[in-house]
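Pasting the structures here.
Next come two complexes built around chain A: one with chain B, the other with chain C.
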Partner chain A sequence: MHLRERLQHPAAWWLWGLGLATAASRTTNPVLLLLVIGVCALVVTERRDPAIPNPLPAFLVLGAGIIVFRLVMTAILGNGIHGDTVLFTLPTLPLPEWASGVRIGGPVTLESLLFALYDALRLAAILACVGAANALASPRRLLRYLPVTLYDVGTAVVVGLTFAPQLLADARTVRAARSLRGRDGRGIRETARLAVPVLETAFERSLGLAASMESRGYGRAVHTSPRGRRFASALALIGLLGVLGGLYGLLDSSVGGALGLPLLALGVLLATASLAVGARRDGRTGHRRERWEWTETLTVATGALAATVLVIASVQAWPGIVPAQSAQPPPVPLPAALAVLVAGAPAFFTPIPRGARR
Partner chain B sequence: MSTRRVIPLRWPSVAAVCLVGVVGLLAFTWPFFVSADFATAHGNDAPWLFAVLLGLLSLVCLAEITAGHLDAKAIAVLGVAAAAGGAMRLLSAGTAGLEPMFFVVIVAGRVLGPGVGFVSGSLAVTTGALLTGGVGPWLPFQMISAGAVGLGAGLLPVTAGSRAERWAVAGYALVSGLLFGLFMNLWFWPFLGPNAPTGMGFVPGAPLATNLAHYGLFYLATSLGWDLPRGVLNAALVVVAGPALLRVFRRAARRAAFGAPVDFDPHSVVPPSPSATAHGASR
Partner chain C sequence: MISFDRVSVRYADAPVAALHDVTLEIPEGELVLVVGPTGSGKSTLLRTINGLVPHFSGGTLTGTVTVDGLDTATHRPRDLATVVGLVDQNPSSTFVTDVVEDEVAYGMETMGLDPTTIRRRVEETLDLFGLTPLRARPLLSLSGGQQQRVAIAALFAAGPRILVLDEPTSALDPVAAEEVLASLHRIVHDLGITVVLAEHRLERVVHHADRVVLVADGHASELLDPAEAMALSQIFPPVVGLSRLAGWSPTPLSIRDARRRAGQLREQLVTREPAAASELRAIGPSEPLVVAGVRVVRAGRSVLDRVDLSVSRGSITVLMGRNGAGKSTLLGAIAGQHPLATGRVRVGENPIDPYAVPARQRVRAVGLVPQQPELLLYADTVAGECADADADFGVAPGTTAAVLQRISGGIDPDQHPRDLSEGQRLELALAVILAGEPDVLLLDEPTRGLDYGAKQRLGTILTVLASRGTTVLVATHDVELAAEVADRVVILADGEIVTDGPAREVLASSPAFAPQVTKVLLPQTWLTVAEVAGALERSA
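Let's turn to the complex of A and B:
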């Protein structure tokens, strides 16, 4: 079977990443979490967007940093887990009376270290999922799918994205000019001097862009009627009130937790609807419209499968989903591991990104 | 000179901002007053729930504030604020915490009003995240917090262009830098649970004073070292470059003529003179 080279729909990759992140958030089993990270790395290696620099390594480094930081902090300051297996003992630092809850140094147990490691590994796995989504589909491709009410805001973000690198180039130019005049360009005062010409240029360019947008009839792209606008505002406000009431019910169980979740869901629904009904846009054709085909559906399905299996596993408390902190390797529930592995299948059945082969 | 309001805040927007503000406050401070059984049952899901919820609500808030008020020029000015914020993020990607981004947001909110302050704050964070590929569950929390920083800058009760403005805004930059860190830690603090250092972790169901004391220690031990330099850097930037930058923004706002009243009266239109028509036709 041959698939034409193309980039998959960004929403498919982000939903897949969210599913895998949900799966990772439900377990602290190190084997499962390492599997999640491995799946992310595999899919990114096979199918990443070749047009952008790969952000996954940065996310992995961040995750590794979190693990190391947690382990060091746990060794020095301890955590809430008290174990019997003392690995080594650090010298204790005496502290004043007011900080009585804190200890620095003392015995370091295997249990507390393992707890810290498993928990940090879970955060690292979630970060890997987010990083994989960033690498597979650049989030700025999602800007196209903003609701019409946010069309103008989306345009402002696109203007910002386009101008930010130019701003840096301008700053370099001004700095070079100043260094030619014998300034070394360091220090806070020099930075401040830099800001004025750079921002002046940016405004010049941006207002020029605005003038050209206006002369091309940009302002007529979005239609709002006062009545539709009022309707949307009412929906948004009622939705926000619903969200607030639902949260109150959820957080304060004495009021009645049963009412909280439906109220919250209703509020979220109304608030989302207010984004959809607030304005409408002229029908227009898109350049290089992204398509949703069976590979996209299957990608989302694999992510959703992993999330579903792990959620069921954590609700039914399968052995090994939240392993005990002991020296023996924890048991790995086979269905959960298989579900995570299936989430790696998009590395093989999805179309190859355009420009990845040369 | 009066402050030009590029985005006027009408009562639905004000109500929406207030409601989202209350939800945002809940999203950050729920660990302090939630019941013990909720915390043990949902302590791990709550940050995700709030991340999704705040993401949606910040979009609703942006839509409410901007709907029907943005013309091409307002978009251009917001674009510059977003670009400046994003560029600052690119520059400071290596030095965690030293983010001069707030400086731009505060100046924009100061000159162009609280509405623009909110929008440019959240857009600057979004642009920075999109540029560095750092879109994650922290983004909604940052959008709300940075928006609040810009909003507050627009609401500062000092007259524009006065001598006091410089110091008031500098003080505001320092305080908001510290508060931003204080609130941003809260979104992941309950996550740490028993994994936080002894005496600094979130204890579900413990009295408010205990959790506040624990969080205070946690903040002092981990975050203050980053937040204080950021606050001081932003305040210093405001003192040194603030007046000049305020002038740049005010000039841009004047040139874009946001305040200019538009009235069109068909009777007052001067009919074109014959010579001008002839000139036009001959071309």
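Let's turn to the complex of A and C:
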């Protein structure tokens, strides 16, 4: 009998992913963004959780879809970026006087396309970070560590998270079944007829899961009054909103740090208070919880390093962080690139997940 | 342990009550089998035990259900979780975690047992259910039987005194079903757990039961002795049918008991040995289904490997094998649903490549009824569904309705397809597919959730279709269906064909797939009760 292999703590992977996503959100430098995506792919290849199907490819495909969509829309509608390098000209659709602000067709410039590409690439990189966190530690595993106050909300989120990929699988099954009736069209009517059975199947599965969790004792109130529970949940929700608002303020450079920091501090305070209230009624216990060791700390540190360097870079406006839209490849700030690369190190020093040995 | 006192259940908007005035007392440590046709109220009865009816399902319950002294009216299912565990028909949709060991621990964690107790109980439970070698495996990678065992273990670990199971073996192959029942048998006998289970495949479970409850139209009988109950019941396994034919009393329930009594019957039958290997039924020389060197790769794993199969017109071929042997994939490949890595498929009287023609043309050559027939149904009434099918297949209006009329015992055209019983839903899906008049008809696991009556009707439909020239290929775990209808049996294992031959030869020689009548009368190779009855009549 061999010992149970050690798995990295899921919170460490999610914090790492969050750090990397923060880093990606602060730059539109395509080289840095591609590095972020590369780091995600590398770490996932080396250390992904073998218990779940790998969700990263789906997130990457989604990112690619966003990029293509942005480029096509920019080519047709333009995006207000004026450039000199005209690549090709689309036939213009004449519009009435009142719609003068909108154009359809016309010259497509390299600059506007590059702007769209960089911006969409940033979103794709953030998605890759979320996908990587999902692949490295399944959200269900993370749920086990969620404080009891957030447990109810967390479960809803997790069921939601597993709902979406399941919906895709269902859609595929239903489409296959449609073709058995001689229908393989892709028209709007056809899609509309798919929607009902797909949603029905997904809905029934969710109900099944809910019934199973109910009959397995999920959400048992352990010696507590409903009032206390509601109080703690309300505190937690407000705190969470505060944290999110504060983070948004910090991340979105147009708002500036002035509003962000106090909001974040208030949110953290409220959230902590709710955890303290909630902890008194934590009836759950843990079975073989993953321990927090030096690899976890180091993993979070590498993610945090990338985030910190990129935030400083964008605040101090290093050259190349927000590159100009020109045909020349943008300069790559070396410290930023290094910081992103260091975030790839967990692919090597973290414990190898069970079942991954070949 | 569980007591029902004048319990009635009526769902909102339902014209009749799902349960009528049920009074029942189930003592501790018994394995109770609930027997009844589909739609008789079995599932409702099971779900009242842990309070999912009415707390989760809605509806009104009158009377009282008391479980280990707790009234389900005042205790919600989550509060009863320490007392009752309920295992659903399809366990994979109820898993809350990703890994076997975590799933087993989940219930105890929510109950707040201390970690050392959890640790000890996890180890004990894994051993008890033979899951230790699988403890670190992802749940999604397990076979159907293993998943079912994990689901039972996960509930058992939380320490309930009662386990309730709804059709635990319906989706399983015969060997996996045996594993699940052996686990149940052990916890009832060694640990005094009370088990209540409902199952259509009586041939698998009835000899494990201590007591039987017969349910019909919402009325439940009292606790009966299994042998007595089987003598009364409208639904019974083939071994009971054989016993009724031969007039054995008391009714034997296991193969072993029946064999002990069967000496005389065997002597009677010895001169009437069934034709050893009857010529395969077939119409004409054509082969409307040819599969050559087919290999299918799904999710990086090769599911079918160099499969060769050709089926002659007007015959019924049954495809058997373990869960995950590649049966469904083979049917899908024939119906043009999974891209082939190598090999080719030709199907239809005028052979076509299902991958090269549009769906409209393909459905004329091959029709597939999938494992979940409801996937084929979209409309909100049966009549609407038939009209849609006429339009889909481009046939004269009324065709599908006429087919449905022919194969079913009259379905109300205004009903919603989701409200039909499993058997009716299958017949509707079958009618939809048959509207396209395919040359080759494929059915994937059609008997899941069907009671014996519906199953018999399905057998008749298939036989009539074959005699009219339709080529039928059925994938199933149901050996009794195979014994009823098959001309030829093909057994798949690990994506390869391992046995292929006349049904009688293959079924009689396989320990896992032999039907009950064969097992009782070996070395003679009778397959069904009807066959034996026919032979006896001729000799009389």
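Here is the rule we go by: the second predicted complex is superposed on the first by the 226 of 358 C-alpha atoms of A that agree within 3 Å, B and C clash if a C-alpha of one lies under 4 Å from a C-alpha of the other, contacts with A are read in each partner's own complex, and residues count from 1 in each chain.
To be clear about the criterion, contacts are C-beta pairs under 8 Å (C-beta built on N, C-alpha and C of every residue); 3 or more make two chains touch, one makes a residue touch a chain.
None of the values given here were measured: they were computed from a predicted structure.
**Q** For A:A156, using the defined touch cut-off, is the partner it touches chain B, chain C, both, or neither? Pick first, second, both or neither.
**A** first
**Q** In the overlay, answer first, second, both or neither for which of chain B and chain C A:F203 touches.
**A** first
**Q** After superposing on the shared chain, does chain C or chain B touch more chain A residues?
**A** Of chain B and chain C, the partner in contact with more residues of chain A is B.
**Q** Between chain B and chain C, whom does A:I66 touch in the aligned arrangement: first, second, both, or neither?
**A** Neither: A:I66 stays clear of chain B and chain C.
**Q** Should A:A195 be classified as contacting the first partner (chain B), the second (chain C), both, or neither?
**A** Only chain B; A:A195 stays clear of chain C.
**Q** After superposition on the shared chain, which partner residues are touched by A:V322: those of chain B (first), chain C (second), both, or neither?
**A** neither
**Q** Could you look at A:A51 and tell me whether it touches chain B, chain C, both or neither (first, second, both, neither)?
**A** Second partner only, chain C.
**Q** Is A:L298 touching the first partner chain B, the second partner chain C, both, or neither of them?
**A** Neither: A:L298 stays clear of chain B and chain C.
**Q** Determine, under the contact definition given at the top, whether A:F115 touches first (chain B), second (chain C), both, or neither.
**A** After superposing on A, A:F115 lies in contact with chain B but is clear of chain C.
**Q** Thinking of the overlay built on chain A, is A:L180 touched by chain B (first), by chain C (second), by both, or by neither?
**A** second
**Q** Determine where on chain A the residues touched by chain B overlap those touched by chain C, and list them.
**A** Shared contact residues on chain A (touching chain B in one complex, chain C in the other): 52-53, 138, 140, 193, 196, 200, 209-211, 213-214, 218-219.
**Q** Taking the touch rule as given, give the residues of chain B at its contact with chain A in the complex, in rising order.
**A** Result: residues 12, 15-16, 19-20, 22-23, 26, 30, 33-35, 37-38, 44-45, 48, 53, 56-57, 59-60, 62-64, 66-68, 70-73, 75-87, 90-91, 100, 119, 123-124, 126-127, 129-137, 191, 193-201, 213-214, 217, 233, 236-237, 240-241, 244-245, 248-249, 251-252, 255-256 of chain B touch chain A.
**Q** For the complex, give me every residue of chain A touching chain B.
**A** 25, 52-53, 55, 58, 70, 73-74, 76-81, 99-103, 115-116, 119-120, 123, 126-127, 130-131, 133-135, 138-140, 147, 149-150, 152-153, 155-168, 171, 188-189, 191-193, 195-196, 199-200, 202-203, 206-207, 209-211, 213-214, 218-219, 224, 229, 232-233, 236-237, 239-241, 243-244, 247, 250-254, 257, 268, 271-272, 274-275, 278-279
**Q** Help me check something: in the complex, which residues belonging to chain C touch chain A?
**A** The touching residues are 50, 52, 56, 76-82, 84-86, 88, 90, 93-94, 96-99, 101-102, 105-115, 118-119, 122, 136-140, 154-155, 158, 332, 335-337, 358-360, 362-363, 367-368, 370, 374-378, 389, 392-394, 418, 432-433, 436.
**Q** What residues on chain A touch chain C, complex-wise?
**A** So the residues of chain A in touch with chain C come to 4-5, 49-53, 138, 140-141, 144, 173-174, 176-177, 179-184, 193, 196-197, 200-201, 205, 208-220, 222, 283-288, 354-355.
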